[in-house]
Structure formats: C-alpha cells, structure tokens
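Next come two complexes built around subunit A: one with subunit B, the other with subunit C.
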Partner chain A sequence: MRRAGALPWLLLLPALLPLCAFIVYPALESLRLSLHEVAPFSGRAAFVGLENYRLLAGSPEYAHCARVSLLFLVYTAAPSVLIGLGVALALDANPFFSGLLRTLFVLPVSISSAMAAMLWIFLYNPTAGYLNRILELAGIAGPNWLGDPRWALPAVAIATVWKEFGFNVIFFLAGLASVPPELTEAARLDGAGPWARFRHVTLPILSPTLFFVTVVSVINSFQSFGQIHILTGGGPAGRTDTLVYNLYRDAFVHFRTGYASAQAVVLFVIILAATAIQFRLAQRRVHYG
Partner chain B sequence: MGRESRRRAWATAILLIPAAVQLFPLLYLVSMSFKVGGEVMAYPPRLLPNSLDWSNYAAALRAAPLARFLLNSAVVACAITALQVVTSVLAAFALARMEFRGKALAFALVVATMLVPGEVTLIPNYFTLARLDWIDTYAGLIVPFSASGFGIFLLYQFFRSIPKELEEAATLDGASRLRFLVQIAVPLSMPAVLAFGVYAFINAWNMYLWPLAVTQSTAMQTAQIGLGMFRSQNESVSWGVIMAATTILISPTVLLFAATQKQFVRGITMSGLKG
Partner chain C sequence: MTGTSHGVGVELDKVQKRFGAATILHELSLSVNPGEFMVLVGPSGCGKSTALRLVAGLEEPTAGTVSIGGRVVNDVDPKDRGVAMVFQSYALYPHMSVRENLAFSLKLAGLAKSTIEERVREAVRALSLEEHLDRRPSQLSGGQKQRVAMGRAMVRHPKVFLFDEPLSNLDAQLRVKMRAEISLLHRKLRSTAIYVTHDQVEAMTLADRIAVMRGGRIEQVGPPLEVFHQPKTQFVASFIGTPSMNFVPADLLPRGAAPASAKTAGFRPESVRIDGKAAGVALGAASVALIEPLGTGAHVHLRLGEHALTAEARADAAPAAGKKVEASVEAKDLFFFDAEGARVA
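Entry: the complex of A and B
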C-alpha cells in the first residue's frame, strides 16, 4: 500500500475527536476526581489523596454492594450463557418453524432493560400478576417477588436473563455456522454419540464464541442498571443494591462526586480484572482454528 | 421416521417451552394494554381482555406526551446511528486499508475505548456538558455518542478482508481512495454496515443511564426515561394505560429488529466477531 499523506488522519478525525473527548478524557478525569473532594454545587475540588478509596475500602455498605453484584453475576451470566448455548444448539439442529423460532428468541434483544422491567413489574405483581397465577395453578404459593428480600434479586435476574440471552443465541448461531457438517458426520460414523460429538467436535470449534459470549455477559452483568432502577430501586432492604446502582445514587442523588468517581474507577478495575482472568483461563482451553 | 426428521422433531420439542416462556411476557403485555377498569386488578387474573378496547391507548397518548418522547427517541437514535455509521466507516477504512505513521497508536486508542464502561465516563461527561451548556438538549444526548469503538473494530475486520487485487484494479482504473471506499468497499461490506446500523440504533434507542442524568424537562426526555417518570408521577393511573404506553414505546425497535434480524445475524456471522 502506498503512503497516503494526511488523508488517513482526516478520515480518522471525526471518530477520534468524540472518542477522545467523551471516553478517553472522562476516563482520565474520573481518575483525577477520585482523588478529590468535590463541593456539590460550586464544583470546587480539594485534593484529598486516596481518602475516597480509603472510605470505600472501609465501608461495609460498599462491601455489601460488591456481594450483591457478585450474586447478580452468578444469577445472570451463567444462565444466559447456558440457556443461550442450549437454544442455539437446538435451533442449529434445524427444527420445524426454525425461522419463526429464531425470531422469537432474538426479539427481546431489541427491548431495553427499562421497558423489559415495566413488563415484568406487572407479571411479578403478587395478586394481579400472572406469574403467581401460573404457580398457583401448579399448586405453589408464589412469593411477593419484588417485595421479598429473599426473592427480589432472583426476580430482577430472571427479567434480565429473559431480555439478554437472545443476544448470546445470535453469537452462538454464528459460531455454530462455522462447524463443518462433514466433521460431525464423520464422528457419527465413527460411533460417537450426541454428547461425544458435542464435547469433542462442536465444543472445541465453538470455544472462541463461548469465550467471547462469556466475557460480554460478565461485563453486561456488572453494568446492569435500568431494570434495577425500575423494578426495585435497590431495595428491599438493599438486596438489589449493586455497585453500579450505588455509584449512580452517590453521584446523582447524594452529589458525592469524588466518592462516586472512586467507585467508577474501582468498577473499571473490577471489570478489567474479570476480563483478564477470563483471558487467562481461556488461554489453555480456547482453540483458535 | 428418518433420522433427520426425528432430530428435527426433538429440536422443535426442546424449544417449545423456552419459546413459550420467551413469548408469554410480550403477549401478556399486549393483552394487559386492552384491559380496562376493574379488569386489570381482577383476581384471579385472566389471560385475555374482555374486549379489544383501545381506550387505554387513547388515554396513554393523552396523559403523557408520548408523541414527544417518541420524537425525542427517534431524533436521538437516528442521529447517533447516522453519525456512528459514517465515522466508523471512515475510521475503519483508514485503519484497514492505509499505511501511515501513528496507525498502531490510533488503533490501540480505538480498542481501549471499547473497554471503558459508561459509568466511568458519566460524571466527567456530565460536567463537560454543563460547561458547554448542553444539559437538556439534543446535542447533549447525541454528540457524546457520535463515534463507536465497537463499530470501527467491526468494520475494520470487514475492510481488511477485501482482496488487495480489487483495490489495485480499482486504482489502475483511476479510482481515488475515497471512490474505492464508496463504490466498492462499502457495498461489499453492506451486511456488516447494516448489522452495525441496527445495533447502533437499538442501543441508542434503549439508552437509559445517560438520558436519565442529562435530561430535565419533559420536552427533552426520551421514551425510556419518560415512561418511568410517567409511572412514578401518576400513581393513580391504571396499569392498563401504562401497558398501552409500554407497547407503543417498544414497538419501533421490536418491529425494526423483527424485520432485520436475519440480515443482522448474517452480518455477525460474516464479521468474524464470532471469535
């Protein structure tokens, strides 16, 4: 390729300018603010060193939020990866009405978490909602989903998984499309059962997709906000108070800018660490063909 | 029954229950939107409304400036989509098909922006907007999202896969770099450009935390924020009306996605993003 003078930078500028102004600069600015105490209305900042981080480390409330986020991660990422994989495998086996079924599974992807929450809030209504009616017909007394401290987090997680696993289906279907049919057919002729074919043929080829989907699901779980804001507002008794929700409240309700910025930096580090750990784990297990 | 049709029957049977679970909340939403008066809170709850009564829809349109929310969401989502597609195409083309000093740095910068979660940029961006006097304006909702690291990365993968010979042939014909981009590279990458466009639109339409932070007046609220406000400000309003409002507000993305999901999945499949 020949050298192109200033043209490449002219092409890059319209993208780099907003990326620098609204992602790179604020990321660095968050780091700076986290070392300051910022007055709510004047915005005047006083340097306090690592004080905000010290406060965070010593805060039982923040430790509680971390536990809630971790629990939420287990409740949402694992099911949406596994259900997504199962549904994609069944769709890939060419079921009847496959076009219709696929549309159905990927459709909720287009609904925002806030809208999905609106729809689930009524399904969860203990008397007029239909979820408990279904349980009642099955002879089970349903809980007060969103009001019961034991059930609120699982309830938010169910609504989240419902909305999100279709996204994983799309990527798994893309991954499965790259599995050569001759390979599974050859394995079958060699006498491999369905499980062995999946384990030794499909899964190795699918492993990069599985890895990508898992990483994205973990990141999404840590960032969930809209559904929590609408379904429970962090309650009852703080049982759905995740790290992001706590950050939002400290930033925009309590106006503790420095403290909230420190939380943003910690959240970034957590997400980065979670991603890095997955990369390390994947190194030995993912096969790039 | 042959082995193939037995397998197809099994696959269909396995999918029936998840499909029902997936569909039920949506059907229930639509059903609820037609329930009026005491029907909504009736116990035991019924699946279907007594009649196809459209009065909830009329009431929703009267009670909340839904048309305004929809307009705001449409303006914001369309503008963000157009900006992200154009800026991503240009930047991805430069990174994928040109040699220049600082290219590695520019590429690293783009990838790094994909790793920064929105929560980290929220507070400083709010201050930036306040300084620009963009709080509660379209500019404040649109400009911060006028580029996308993900979009650049996705299209970069595509542009890179266009054979060199094609470009050489085009330049021999006297086509300039930009003509090659517009007349050959973009048409060849249409599945990816469209997939990214749909993705960008849905993401922009569904934004929540940012519009919640930077809109104040009803006149600037997007559908996502307006609906939540509508519910909390009208405790007495019937759930049927809220469900009618929700149905109206989710329709644009659901219809768009239902119509384009086939191409969308194909775009993802061809992008190499699968792993």
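Entry: the complex of A and C
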C-alpha cells in the first residue's frame, strides 16, 4: 500500500491547531495547575501535589455548590428535554403555521446568553417587570424573582430552559422526521391509540435522539454560566452558586488559579461520570435502526 | 388453524377522495365479495393505494361510503374495522423482535397470554418463521420480513386482508415464490383480500377478479382471463398482457377488415404471424429490429412503416435482426377501439 505521506496531516492542520490551542493545551494546563499553588499575576507556581483536591473535598462551600448544581440540573435538563419533545411533537403533528412556529421556538437559541439574560432581567423586575404585572392581573402578588433566595434558582432555570429548549426542538423534529409514517399507520391498524403509538413506536425510534439530547442537556446544565453571571451573580445568599460559577469566582475574582483548576478537573470528571452513567442506563433502551 | 376466519364483503360506493384541488378518486364504486381475492391494478398514481387506504381507514373519503360486512365504516377507527394490512415497506417495528412484532396487536387487544402464544405459534408455523422468532427485522432478509408482515396480519384473524404492493421490494425470483405463498395462504384462510399492485402478472396470477384502474376511475372489473380476452377499453387492453398489445391505426388494415367506427386496431404479440404462413389479415412487410431471446421463446420487435410491433416466436425459429418478414394476424384476434378508446369490436 502506498504511504499517504504528510498530506492528511496538512489537511487536518486547520482543525487540529485550534483544537490543540484552545482545548487540549488548556485542559492539560488546568491539570498541571491543579497540582500547584499559583501566585496571582506573577506566573510563579509551587507544586503542592493533591492539596487543592484535599481542600475541595473538605470544603462545605464546594459541597453547597455541588448541591445547587444538582438542583439546577433537575430544574433545567429534564424540563428542556421534555418541553423540547412536547413542542416538537406538537409541531410535527400540526402542519399549520409550522414554519413560523418552528422559527419562533428556535429563535431563543440563536441569541446570546447575555442578551437573553438582559431580557429576563426586564421580565423579572419585581415592580416594572411584565411577569409580576401579569400575575397582578390574576390577583397574585409576584415574588422578587431574582432577589428572593427561594425563587432565584428556579427563575434562572426558567430563563435557561427558555433559552435552550429550542435547540432540543430542532433535534427532536429531525428525529421525528425519520419515523416512517407507515409504522404509525401499522400501529393504528394494530389497535394502538395515540399514547400507545407514541410509547411503542415513536419513542423507541426517537430514542437515539432523546439520548443525545439528554446527554447534551446535562452537560449544558453543568456548564451554564452566562445567565447566572448576569441574572444573579451566584446570589442571593449563594442560592445560584453553581460549580461553574464558584470556579469562575475562585479563578477570576479571588485569583486562586490552582484551586480553581482543581475544580475544573473535578467538574470534568463529574460530567464524564454523568455521561458514562447515562450511556450505561441507555444501553438497553436506545434502539439504533 | 388461522384458516377458520371467514371473509366479509367490502363495498365502495361512489367514493371520492380529494387532496386539496387534486381529485385522486372520482366516484369510485367497487364491490368485493366475501372470501374473494380482488386485485386493484393500474399504473402509478391511478389511486389504487388510496382506495386501499380508504378501506383500511387510514384515509377518510371526501364523499361516498365504505362498507365492510354490510356496515358503513366511514367513521370507524382502523382497528375496529376487522382489517389487517401488509405494507409495501413491510412496516415492521424495528425495535421489536419477530415474536414481539407478531404479538403487538394481540397484546394491545388485551388477549390472554396463552391465546397470544397460540396465535403467534400458528402464524409462525404457517409461514416457516420458527427459527427467526427472536431476531430483529434488521437481521432478516426481504422475504423473511415479508413473511413476518403477513404473519402480523394473520394473527389478528382479520375479516379482510389488505395488501399494498407487498412484493415490489423483492427480487424477481423471490417475488414469484411469495406470490405462490400468498395464493396458497388465501386458499387456506378464505378471508377477503384486496391486493394493490402495478404488476399485471401478479394481478393475473393471484386474483379471483381484477379491477383495472386509471386516473382515479375503474376501467374494468372482471376475472383475469375475461379482462385479458375481453378488454373493454384500449387502456385495459394495453395494460393487461405481457408483452403489451400492439396498436395500429385501423385504416392500416386491408379494406373491410375493420368496422367503420374503429379508429385503432389492436392485436396481441402472440397473434402476430411472421413465419411466412400468412393469416387472414395481412399487416404488410415489416423489418426485424431486435430479437429478445427468452429461452424457448423470443420477443421479435418489428418496424411496420412508422409503427413498432412486437411478435412472439419460438427462439429457434425467430428471424434474424434486419430481415424482412410478412406480418399478418387472424381476424378473430383483432380488437377495435374508437377514438375515445372504447372497444367497438
């Protein structure tokens, strides 16, 4: 066989270079820094072994952030998958205005997190915000959404779901388009009502899409930052202080680079474990062709 | 045996189906007798599949009524019509094993586990699927998938079987085999069957009666041989029979051979004499354009002036390409059609 020579590497270079520069190098550097105590601004680092990890393991603050992240995961991943699926099913079943509605539902995905967060700041404003005004019309006194410790995390989660479920709609619509219509027709003749058709035909065929969307939603939830930063800044009283937000604060506010790098590594392991668990759970339930 | 189920009559009465501005079926009426094997045959887009889907309940008629067993079923859900359908693409549930595919409708119907097992066993035995029960559809060949699709229809003990071009995805050899299996199964089950195909050989070999469709209308209904020997229109004459009937302008025939109202004369390839023994009606000198040997016989493609004709000959007696032959046909083998395509003699 003829040797391919350097050409394949040359062709891969435009993709490999940014990948190495922005993913591989920072990841390896994070791993290295997590084993060091780094002096702010000087670049000097002293090797401390697993000290940063030991500190993390014993930190009640970090445990609190992990709990907030888990809660945020429950508030965002499941709703954005379920709402995305529901909206996609409704759009798929109803061809009227489908193009317009698809655009409307998918629109939030295309705007930046910062812009979306600003929009929700206006909506959530306790006195002038539309949300409380609407509640007022119904005779309900709306809370201080972003200032009340009980409501802050759900409020940020609502904004996050609104921003992200459209992404899931796109994938579910593509998945639904791959369900052969004669399968649902065969199921109708077999005596399956709408729920049985969904449960026994549509859902199994959609399972690879559902699995992908779930994995991505879980990862997105763990990595959510922009909206938390703008809407609450981790507050009030640390109620929206997620793992990523805590990491950001330690890295760029407190300049504890080594400690923050250890958090980055731990977060990576958490996401990896969460994904592995999902793969394991899905093994028997996802049907590929 | 599943063969204890008995068919019921199916009646389409002035059924019309429109999709937006397009009319797919024009006041179509058709009566299928209990236990009969009716084949709807016609070219693509003639509305035969739509007619079948109306019987299944997968489409609603725009006008007219569909009756099964004497009961109007326009508003009856597909599952309650007592029909089972075999789809062109088989429509097997890809995530279920063969066993689960067969049992699915019975589970939904809430039948006892023992009844479900018994019915699945019957179908599996009848269709020789024993070895494949735990396989997924993706692990089956085209013929095996076809059998599972038929089994899925059988286990329900339907009063009417509907087949939507079930053999068109199979290779030629398997198609012939499955065609025979379907025919044998129908003889055993004696359920009513409505079978849609564009393949007139399937129609001829399977049907008790054929309905030839064109442009959303039925052109002729009758037993296969009657439709073959007594076509009512030029379209039916051209569609039924392989190779297709030859058509020439009636005035090409010798004076007095065609009735005055005839515009077109038709004759089947097997009626054309090119062996030098002239038949009653001379067609004239034709040149041999192409020979298609088929084993014992051959199709001989002829040029008769500007007209293309096909004749059948014994392979060992077929003339060579380029040769001139005298073509003729017996008067009794001629069909005549008027300008609208209706048969006049």
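We take it that the second predicted complex is superposed on the first by the 284 of 289 C-alpha atoms of A that agree within 3 Å, B and C clash if a C-alpha of one lies under 4 Å from a C-alpha of the other, contacts with A are read in each partner's own complex, and residues count from 1 in each chain.
Keep this in mind: a contact is a pair of C-beta atoms (placed from the backbone, for glycine too) under 8 Å apart; a residue touches a chain by one contact, two chains touch by 3 or more.
What you are looking at is a predicted structure, and each value in this text was computed from that prediction instead of being measured.
Novice: Tell me which partner A:9 touches in the superposition: subunit B (first), subunit C (second), both or neither.
Specialist: Touch status of A:9: first partner only.
Novice: Return first, second, both or neither, reflecting whether A:47 touches subunit B, subunit C, both chains, or no partner chain.
Specialist: neither
Novice: Check the residue A:104 against both partner chains and state whether it touches subunit B (first), subunit C (second), both, or neither.
Specialist: first
Novice: So, does A:175 touch the first partner subunit B, the second partner subunit C, both, or neither?
Specialist: first
Novice: Does subunit B (first) or subunit C (second) touch A:279, or do both, or does neither?
Specialist: So A:279 meets neither subunit B nor subunit C here.
Novice: Given the superposition on chain A, which partner contacts more residues in subunit A: subunit B or subunit C?
Specialist: Here the partner covering more residues of subunit A is B.
Novice: Look at A:128 in the shared chain and tell me whether it touches subunit B only, subunit C only, both, or neither; answer first, second, both or neither.
Specialist: First partner only, subunit B.
Novice: Mind working out whether A:255 is in touch with subunit B, subunit C, both or neither, as first, second, both or neither?
Specialist: After superposing on A, A:255 lies clear of both subunit B and subunit C.
Novice: From the superposed pair, tell me which subunit A residues show up as contacts to subunit B and also as contacts to subunit C.
Specialist: Overlap of subunit B and subunit C footprints on subunit A: residues 207.
Novice: Enumerate the contact residues on subunit A facing subunit C in the complex.
Specialist: Subunit A reaches subunit C through residues 180, 182-183, 185-192, 196, 200-201, 204-205, 207, 287, 289.
Novice: Quick one: in the complex, what on subunit C touches subunit A?
Specialist: By the definition above, subunit C touches subunit A via 56-58, 77-79, 83-85, 87-89, 91, 93-95, 104-105, 108-109, 138, 152, 156.
Novice: What does subunit A use to touch subunit B in their complex?
Specialist: 1-4, 7-9, 11-12, 14-27, 29-30, 33, 43, 83, 86-87, 90-91, 93-97, 99, 101-115, 118-120, 122-123, 127-130, 133, 136, 162, 166, 170-171, 173-175, 177-178, 207-209, 211-212, 219, 222-223, 225-226, 229-230, 244, 247-248, 251-252, 257, 260-261, 264-265, 267-268, 271-272, 275, 286, 288
Novice: In their complex, what parts of subunit B are in touch with subunit A?
Specialist: Residues 7-12, 14-15, 18-19, 21-23, 25-26, 28-29, 32, 40-45, 47, 86-88, 90-91, 93-95, 97-100, 102-103, 106, 109-110, 112-113, 115-125, 127-128, 143-147, 149, 152, 177, 202, 205-209, 212-213, 224-225, 227-228, 231, 239, 242-243, 246, 249-250, 253-254, 256-258, 261-262, 264-265, 268-269, 273-275.
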